[in-house]
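One structure, pasted below without further comment.
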Amino acid sequence: MSNGLIDFVLVSVALLAIGIYGLAVKRNAIRMLFAIEMIVNSANLNLVAFARFIPNSQGQTLALFSIAIAAAEVAVGLALIIVAYRMYKNIDIADFRSLKG
Amino acid sequence: MSTAGGIIRALNSGVKHLAVKRFTLRYPEQKLKFVGDGFQFDPQTGVGIAGLKGRHILFHDKCTGCQLCSVACEGIAEAIGMVKVKETWKHNKKAIMPQIDYGKCVFCGLCVDACPFYALYMTNDYELSSFTKSALIYTPSQLAVKPNISQDVEIKIGKRGATHG
Amino acid sequence: MATQLPPGIELEKVDDRIMTLNVGPQHPGSGHMRLIIKVDGDYIVSCDPDPGYVHRGEEKMAEYRNYIQNIPHLERPVIHDSCNILYPYCLAVEDLLGIEVPERAKYIRVIGSELNRCTYILYWLAIYGIFLGHSTMFMWPVGDRELFIDLLEAMSGARVTHAYFVPGGVRNDLPANFEERCLRQVDYFEKRLKEYEDIFYQNPVLKQRTEGTGILSRMDAIRLGTTGSVLRASGVDFDVRKKEPYDVYDNLDFETQVLREGDSYARSRVPYLEMFESCRIIKDALKKMPKSGSVRTKLKPNPKGGNDEVYRRVESGRGSLGYHIISNNRPEPYRVKISVGSFRNLICIPYLLKGEKLGNMPAVYWSLNYWPVEADR
Amino acid sequence: MVDSIFLAVSVLTIGSAIAALEIRSLIYGSIALMLTLSGIAGFFLLLDSPFVAMFQLSVYVGAIAVLILFTVMLVRRELIFNKIEDPRRRYAGIGLMIIVMLGIGTIIIGSGLKTMETSVTTVDYRKIGEDFLTYYSPALIVMALILTSSVIGALALARREDVTNEQRTD
Amino acid sequence: MIDFASTPIILTMLLGAVGVILPIISIIRKERGSSLYAGIAFGALIAAISFVAYQILSKHIMPAAIFSKNVLVDDTFGAFFAIAMLIVSIMTTVGSFNYMRGKSNPAVYYSLILLASIGMVLIAYSTDLVMLFVAWELMSIPTYVLAGFMKKDPSSNEAAIKYFLFGALSSGIIIYGISIAYGLTGSTNIGDVISGFSKLGPDMMPLALLAVGMFIAGFGFKIGLVPFHMWLPDTYEGSPTTIAALLAAGTKKAGFAAALRVIIMGTIALNIDWAFALGIIAIITMTVGNLAAIMQKNLTRMLAYSSIGHAGYILIGLSIAPFSQIGIQASLFHILNHAVMKAAAFIAAAGIITTLAVSHIDKIRCLGKRMPITSLGLTISLLALAGVPPLNGFWSKLMLFGSAINAGSVMPWAPYLAVAGVLNSALSLAYYGWIIRKMYFEEGESDKRVKEPKSIIAVMIFSIIFIVGIGVYPDPIIEFAKSAVPNLSALSTIH
Amino acid sequence: MSTIAPEFRLSRFIASLTDIIFWILLIFSIIGLPLVFILLFYIKLPVVNGQLLTPYLAMTWMADPSRTIPIIKSLIHTEFFRIIAFPGFGFAALLAAATIFVERKFLAKIQLRVGPLYCGKIEGILQLMADGLKLMSKEIIIPAKADKPIFWVAPLLFVGTAAALTSLIPVAPGWVAANPNVGLLTVFATIGFFPIITVLSSWSANSKWTFIGGIRALHQMISFEIPLILSLLGIVILTGTLNLTEIVESQQHYWWIVFMPIGAIVFFITIIAELERIPFDLPEAESEIVAGWLTEFSGMMYGLIQLGTYLKLYAFAGLFTVLFLGGWNGPMVWPPFPQEIITNGITIGPITAHIPGLPLFDQEMLNGTLWFVIKTVGVILVILLPRGVFPRIRIDMLLHTGWYTLIGLAFVNIFIALGLLYAGVLGHGGLMQ
C-alpha cells in the first residue's frame, strides 16, 4: 500500500472541517444532522486508519461502536425532527421561536 | 397448529394439481363442437330449434322480401337493411333481400323468429373478423353461402380431470 | 390574493397526512366505477363511491320498444347473468299480458336460471380471487365456468347473451341428450367445487386476511337494505326463491345458505355454498321435468298490455332483482323500473370501508357482490 | 494504482460531502450523504478493514440513509428547498472551515505522523470479535442498552397519539 | 476480563434489566397510569443506592484508582459519583410522580430515566475511553428523548432539538479526540493513554494538545462552560422541569466526572500549564452565568443560568487541582451539594408549574402562603446555592475558595479565583433573595392555600433534611470526598 | 384495398433486395476496398512461427483446436470471465431466464392452463425472448413531473445491485466471482441497498401509487432484514467464519439444514418476503395500488427491473443452497474425462486431432456446478410454489409475521446453535471437526 497514514488523516480533517462549516452555516435541522454525521465519520476514518498503521484491533472495535451509536443517535434525532415538523410544519431551527434567549 | 396444517393442505392441493390434465381449449387448432346446424325457427309451432346463434344463412328461394326481419331488428341493433338484388324470383316482386351488418348485429336471433317463410336461419360460423368495417357487411349473396366448418372438440370428463379433446 | 369563495362553500382543510386516492375508473381494482378513498397512512378515513360511468339508460330505452324487442336490451346490464335479469321481466310481462307458461318451460327456465347463477358466481369468485392476489383462484373458476357456458350454449345458442327467456316460455326446446350431458357436467363440477375448499376457503392466509374485516351486523344489514348474499351472510334468512317462490321453485328441493359472521369471509362463502344448492336444484329439476311438451306459448304479433302495472322479482346472483312495469294499452311499456341488488349493496361501501385498512379495500369491496354495470343500468 | 483509487475515493467523499450540504434539494443532499458514507467505506476497504467497511455499508446505507430518506419524504415537498442563508454567516462559516482545516492540517503535517511505518500485517476480523467478548464486554452490554433506549425513545416520540387505529364505527 | 461481581456491573444489570422490562410491562398490561412504573423505578433506584452504600460502608471497594487494566474500575471515586447521581435520579423519579400523571408513555419515561442514570454512573466508573464514550452516549440519548418528551409542547421539542444537535456535536468531537489519542498511543485504556502521552516526542505534542482540547470542548458542551453554553438555558427552560433537574444536577455532574477522569489526568501527563486557561474559563463562566441570571424573569431559566455559574465554581477546584489535593476534594463536595440543591430547586419549580401553571417570577408572589412546604424547600435550596452559612453550600464554597487561596503560594493568580467566586456569590444572593422576597414579602392576587403534591413534598423534605443536615454536620461527607480523590501526586511521577 | 394489411408482392420484394445489394457492392468497391488496401499497406503484419500472419492464416488458426483451446482456457481463468460469464452475471442471467420460463409453465400447470405455447415451437420456450424484444421496442414513458435523474438511474442501480449479489455466490470449488473474507456481511450490506433504490425510484416517479408501494416495500424489506440476519447467525456461530466458501466446505458431511431446520424455515420465509413474491407481494398489489412501485415504469426500464428481480431470486436461492443445503457438495456423478483423448487425441475418420489443454474444466468443478444448479433450481421451484397457492397478505399481518414470529424463531435457532456448540455435538470433537 503506497498511501501513508497522513493522507487518510488529512481527508478526515477535511471532512471534519466541512462538518463544522455545515453546523455553523446551515439552519435546517436535517442538514445539521448531515454535518454531525460527517464529523463522526471523519473520526471513524481516523480510528480505522490508525488501527491499520499501529496495528491493533482496538481502533476498528471503537469504530464499530461509534457506527452503532451514530445509528442510535440518528434514530432519536430524526424522531425529534418529525415531531418538530408536525408542530411547526417546518424543520428550520431558526424558525423555532418559542424560547427566547 | 391449525395454521400450519392449513398451509400444508393448501400446498398439497397445489402440488396435486400438477398431475391434473389441462382444461384449456387450444382454440385455433381445436374448435368446439356445437349442437345442430345452428338456430332455426319453426313459425308453425312458434318454437325454435336449438343451435348456435352464429352467422345467418339466407335461402334466396324462400325469401319474399317482406322486411319482417328488418322491422324486428329495428328496435334492437338496426343491423339488417333491405337491398335490391339482381336475381328475380316469382315470390319476391320487389327483389329486395336482407343485408346484415355484423358490426352491429348482437346475434339475438329475433330476426329468425320473425321470418314466417323459413328463409333466414343461423349457422355455426362465428369467425367473422375482418380488417375493415365494410367487409363486415354481408350482402344477400354472401349470406346465401353455406359455411364450411369443422368443429369436433367436446368436453371430456375423465379420471384425471376434464379436458377439451 | 385568495379568491372569494361563494357562501356556503368551504375549502377542505389541508392535512398532509391525508392522501386522496382515485381508485378507478382506470384502476385494476375498481370495476367500472370510482372509489374516492382518503387514506391516513394505511387506514381509510373515508370512502366515497362514484358510480355512473356505464349508465346506458336501459329503463328509458325500454319505453320505445315493444315487449319482445326489449329482450336483448334488458339482458345487457349483467351479461354474465343474463337469464336472471330477464327472468323477472318475463314474469312481469306474462302477468301483464295474461299468458300461461307451459310446465316444461317453467322447468327449463329454472334450469337456465340456476346454470346462469353458477356462471355468474364463478365469474365473481374469479375476480375475488385475483383481487386478493390468488391467481389460481382466478384461473380455476374461469376454467370451470366453461362447463356451464357450454351447457347454456347448447340450450340457447349463445355463450353469454342468451336472449333465451321470453314472455310465454323459452325460445327453443332443449337439444337431444341435454339431460345426460348436464348431469355429467354438474356432477363433475360438484367434485371440482370441493377442491376450492383446500386451496381457497380453508387457506389460513385467506382466513386471516378476510375474517373479521368489514363486519356488517344483522341489524345493519337489514337497516341498510342490503340483499342477496350480503344479507344472508349477516344471518338473515331471506331468499326470494323460498319466500316468494316463482315458477316451480316451490316444487324443488333446496335450502337457503345462511352464515352469521357478516364479515368478508362469510360474504364470500355464501355464494360458494349456493353453488352447491344450484347444482342440487338443477339435478332435481332435471328429474322432475316433464319429458316432453310445449315450451312456448304462442303470442299475438305485437301484443298490447292493458292499463295495468306489475311488480315481480326473482333471486339473482346479487340478490333480489325486481321489475316494475307500467303499461297503458300500447305495444310498448309506459315505464320500466329495474330494482337491482347491486345498487342496494353499494350503500355498504362507505359504511364498511371507513376505518378499514387499504389492503382490505378489495376484499371488502368485491365481497359485497356489486356489479357496477347493473347498478348504473 | 492504489494512489489513483485513493484520489478518486477522496474526491468522491469530499465532493459529495460538500454537495450534501450545499445542494438545494434535500433528497439529493441525502443521496450525496450516502455517497460520502460509501466513500468512507471505500477508505476502510483501502485500509484493509473489510469488516468495518461492510458494517459501515449495512448500518449507514442500509439503516441510517433509509431513515433520513424517510424523514425527508415525510416533510413536505415544498420544504425540501431550504432558505438561502445569511451571507455573513456563510462567510464566517467558510472562514471557520478554513481555520479548522489549516490549523489541524498544519499540526498534523508538522507532527510525526508522516513517518509512521506501514505494516504489512492486517488485523483479522476474528480479533475484533475476541475483543468484543473479552475486554470490551461491559461496553457491549452498555451498547445494547443504548440501542434499546434509542428504539423505545424514538418509538415513544414518533408515535402519534392523536390518531387511533380504532376508527371503526360499529 | 472484568469481574462480573463488581459494583458497576451489578448496577448496570439491575437498573438495565428494570429499564428494559418497564416498557415490556406496559405493552403487556396496557396500563395507562404511571404510579406502577414509578414505583418499580423507585424501588430499583433505592436498591441500587443501598447496594452502593453497603459497598462503601463495608469497605469492599478499593480507594480511588487512576486506571486499571479493565474498562471499569470499582473505586471510591466512582462510588461517590454513583451516590450523587442516584440521589438525583431518585429525586427526579419521586418528583415526577405527580408531574407524569395523565401524560402519555409513563413506562418509557421512567425506563429512560433509569437508563440515563446507568450512563451517568458508569461514566464515573470507566477507565477506558471506549467505555467512557459508550457510557456518555447512554447518558445522552435517553436525555435527548426525555427533553422532548412533551410532544404537544413546542418549547419542549425545540429544547430537545437544540440539546440533541449540540449533544451530538459534542459526542462527535469527543470521538474525534479519542481517535487522536488512540492514534498517538495505540490504546484506549486511560492509563495506557496517559503513560503513552508522557512518552511522546515533541513533534507529536501538538496533536496530544489537540486531543485534550477536543476533550475539553466535548465535555464542556455538557458541563456548560462558557463558550459552549448557548444551548443550555433554552433546553433547561423548554424541557419538562423534572427532566431539567436531571439534566442540571445529573448529566452536568457526569460531565465533570468524565472531565476529572480524562482531562486532568491527560493534562498532568502532558505536563503543561493548562491551569491558568481553566481558571480564566472558570471566572468567565461564573460571571456570565450569574450576570445573565439576574436578568431572567423565568424561574427555570434563571436556575439554568445559575447552574452555569455553579459550573464555574466547580471549575475552580479543577483548575488548581495539580497543586492542591483539597481543590478536587472541594469540587467533589460541591458537586454532590450542588446536585441535591439544584435538583431540589428544579423539582420545587416543577411542583409550582404543575400545580399553578406559572413559571414567571412575577406570578409567584405570595407563594409562601399558597404552597408553604414547596416554597420552604425552594428557599432553603436557593439559600444553599447562594452559600448562606449554616447550609451545605456554604461549606463546599468555603472549601473551594479556601483551597484557591491556599494555592496562592504556588500560583499567584489563584486567590483572584476566590475573589471572583465570593463576588459572584454575593451577586447571586441578589437574585435568589429577590425570588425569596417575591414569595414571602409581596402581596399576591390570592393567598388561598393550594394542595401540594405529595411527591413534591417528599422531595422537599428530603432535600431540606439533606441540606441542613450536611450544613450542620459536614464531616462524613468531607471524609468521603477525601477518600474519593485520586492520588494525583502519584500520577505526576509517571514521567 | 385496405391500408392496414397491404398485399404482399414477391416481385417488389425481390426488386428491393437487388437494389440494396447493388448499392452495398457499389459503396464497398468504391470506398471500402481502397481503405482496406491502404490499411494493409501501413500495418506491419506480425510473424508467428516463421510465418507471416495474413488474414487467411489467422482464419485457419481459428479453426484449429490445438491453438484455440489454450487461449480459451486462459480466458476462462481471467477475472473478466468470472465476473461476466460463468459464476457471475451471465450464468445468473441464464438461470434467471430459465426460472422465468419454468415459473410460467409451473404456474400454468397448477392452474390447469397451458402457459406460453407458440413462441419457439416447443412449449413456448422462446416466449421470454419475445417478451424482451417487445419491452425493448416499447416507448419509455416518463411522467411529466418525475425527478428524471433518479427515475432513470434507479432500474440500472437495481440490476447492478442484484448482479453484485449474484457475484458473491460460490458455484463450485474455487469458482466464485468475488470471494471476500467477510462474505456474509457483504451480502447483508448489499441487501441493504435495495430498500433505498426502491424508495428513491418510487419517490422520483411522483405518483401516489408508486409512493405507497415504495413505502410498503421499505417497511417489508427493513422489517425482514432483521430476521434474515438473525437466522444466519446460527451458522456463523457454528462455523466461526463469514466466508461463504468456507461455509460450504464445512458442510461436507452434514448440511446445516439438518441441525437448524428452524433457521432454514425463517430464512426461506424472509427471502420470499425480500423478493416480494406472493404471498408477500404487497408492494405490487395490483388490486389495491395498481402496480406499486413499478407503476410508472415502462418499456425496457420495466424489463430491467424484472431482470433484477429474477437475478435477485437466483441470488437468494443460491444463498439458501450455499448456507443450508451444502452448496456444491454431493456425490461425484459427473463422468471423468476420458484419458485417451488427452493422450491420443480424437480420431475422426482418417484424421487424428491432438488437442492440448483439454479438459477445459476439471471434473470436480463440473460436478459441483451440477449439484449446485440442481439444488438451486429445486429451491427456486419451492419459492415459486406459493405463488399458485396463497393469496396476498395484508401489511399488518406481514409486519406481525416479521417482528414477532420470525424474530422469535430466529432467536430459538440461535439458542439451538449455541446448545449444539456447548453440548459438544458440533465443533471440536463432535460430528464435524
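By letter and in written order, the chains are A, B, C, D, E and F; residue numbering begins at 1 in each of them.
Here is the rule we go by: contacts are C-beta pairs under 8 Å (C-beta built on N, C-alpha and C of every residue); 3 or more make two chains touch, one makes a residue touch a chain.
Keep in mind that this is a model prediction, so the values were computed, not measured.
Undergrad: Taking a step as a move to a touching chain, how many steps at least join chain E to chain F?
TA: 2
Undergrad: Would you mind naming the chains that touch chain A and likewise touch chain E?
TA: Of all the chains present, those in contact with both chain A and chain E are D.
Undergrad: Compared with chain E, which chain's mean CA position is the farthest off?
TA: With centres defined by C-alpha atoms, farthest from chain E sits B.
Undergrad: For this structure, which two chains have more C-beta pairs in contact than any other pair?
TA: A-D
Undergrad: Please report how many Å separate the Cα centroid of chain A from that of chain C, as a whole number.
TA: Averaging C-alpha atoms per chain gives centres 63 Å apart.
Undergrad: If you average the CA atoms of chain C and of chain F, how many Å lie between those two points?
TA: 48
Undergrad: Measuring from the mean C-alpha position of chain B to the mean C-alpha position of chain D, what distance in angstrom results?
TA: 72
Undergrad: Please report how many Å separate the Cα centroid of chain A from that of chain B, as a whole number.
TA: 76
Undergrad: Of all the residues in chain B, which ones touch at least 2 other chains?
TA: Residues 7, 10, 13-14, 17, 23-24 of chain B each touch two or more of the other chains.
Undergrad: Identify all positions of chain D at which a residue touches two or more other chains, and write them in rising order.
TA: In chain D, 51, 55, 63, 70, 76, 104, 108, 113, 136, 139, 143, 146, 149-150, 153-155, 157 touch at least two other chains.
Undergrad: Could you check chain C for residues that touch two or more other chains and list them?
TA: 136, 143, 199, 203, 205 - these are the residues of chain C that touch more than one other chain.
Undergrad: Spell out the residues on chain A that touch chain D in their complex, using ranges where they run on.
TA: 1-11, 13-22, 24-28, 30-31, 33-35, 37-38, 41, 44-45, 48-49, 51-58, 60-61, 63-65, 67-76, 78-83, 85-86, 89-92
Undergrad: So in the complex, which bits of chain F are touching chain B?
TA: 2, 4-5, 106, 108-114, 117, 385-386, 388-390
Undergrad: Which residues of chain C touch chain B in their complex?
TA: So the residues of chain C touching chain B come out as 64-66, 68-69, 71-73, 136, 143-144, 146-147, 150, 153-158, 161, 163, 171-175, 184-185, 188, 195, 198-199, 202-205, 207, 294-296, 298-299.
Undergrad: What part of chain D is in contact with chain A in the complex they form?
TA: Residue positions touching the partner: 2-3, 6, 10, 13-14, 17-18, 20-21, 26, 29-30, 33, 36-37, 40, 43-44, 46-49, 51-52, 55-56, 59-60, 63-64, 67-68, 70-72, 74-76, 79, 82-83, 85, 89-90, 92-94, 96-98, 100-101, 104-105, 108-109, 113-114, 116-119, 121-123, 127-128, 131-132, 136, 139, 143, 146-147, 149-151, 153-155, 157-158, 160.
Undergrad: Going by the contact rule set out above, which residues of chain A touch chain E in the complex?
TA: These residues of chain A touch chain E: 9, 16, 19, 23, 29, 32-33, 36, 39-40, 42-44, 46-47, 49-51, 54, 56, 58-59, 61-62, 65-66, 69, 72-73, 76-77, 79-81, 83-84, 87-88, 93, 96, 98-99, 101.
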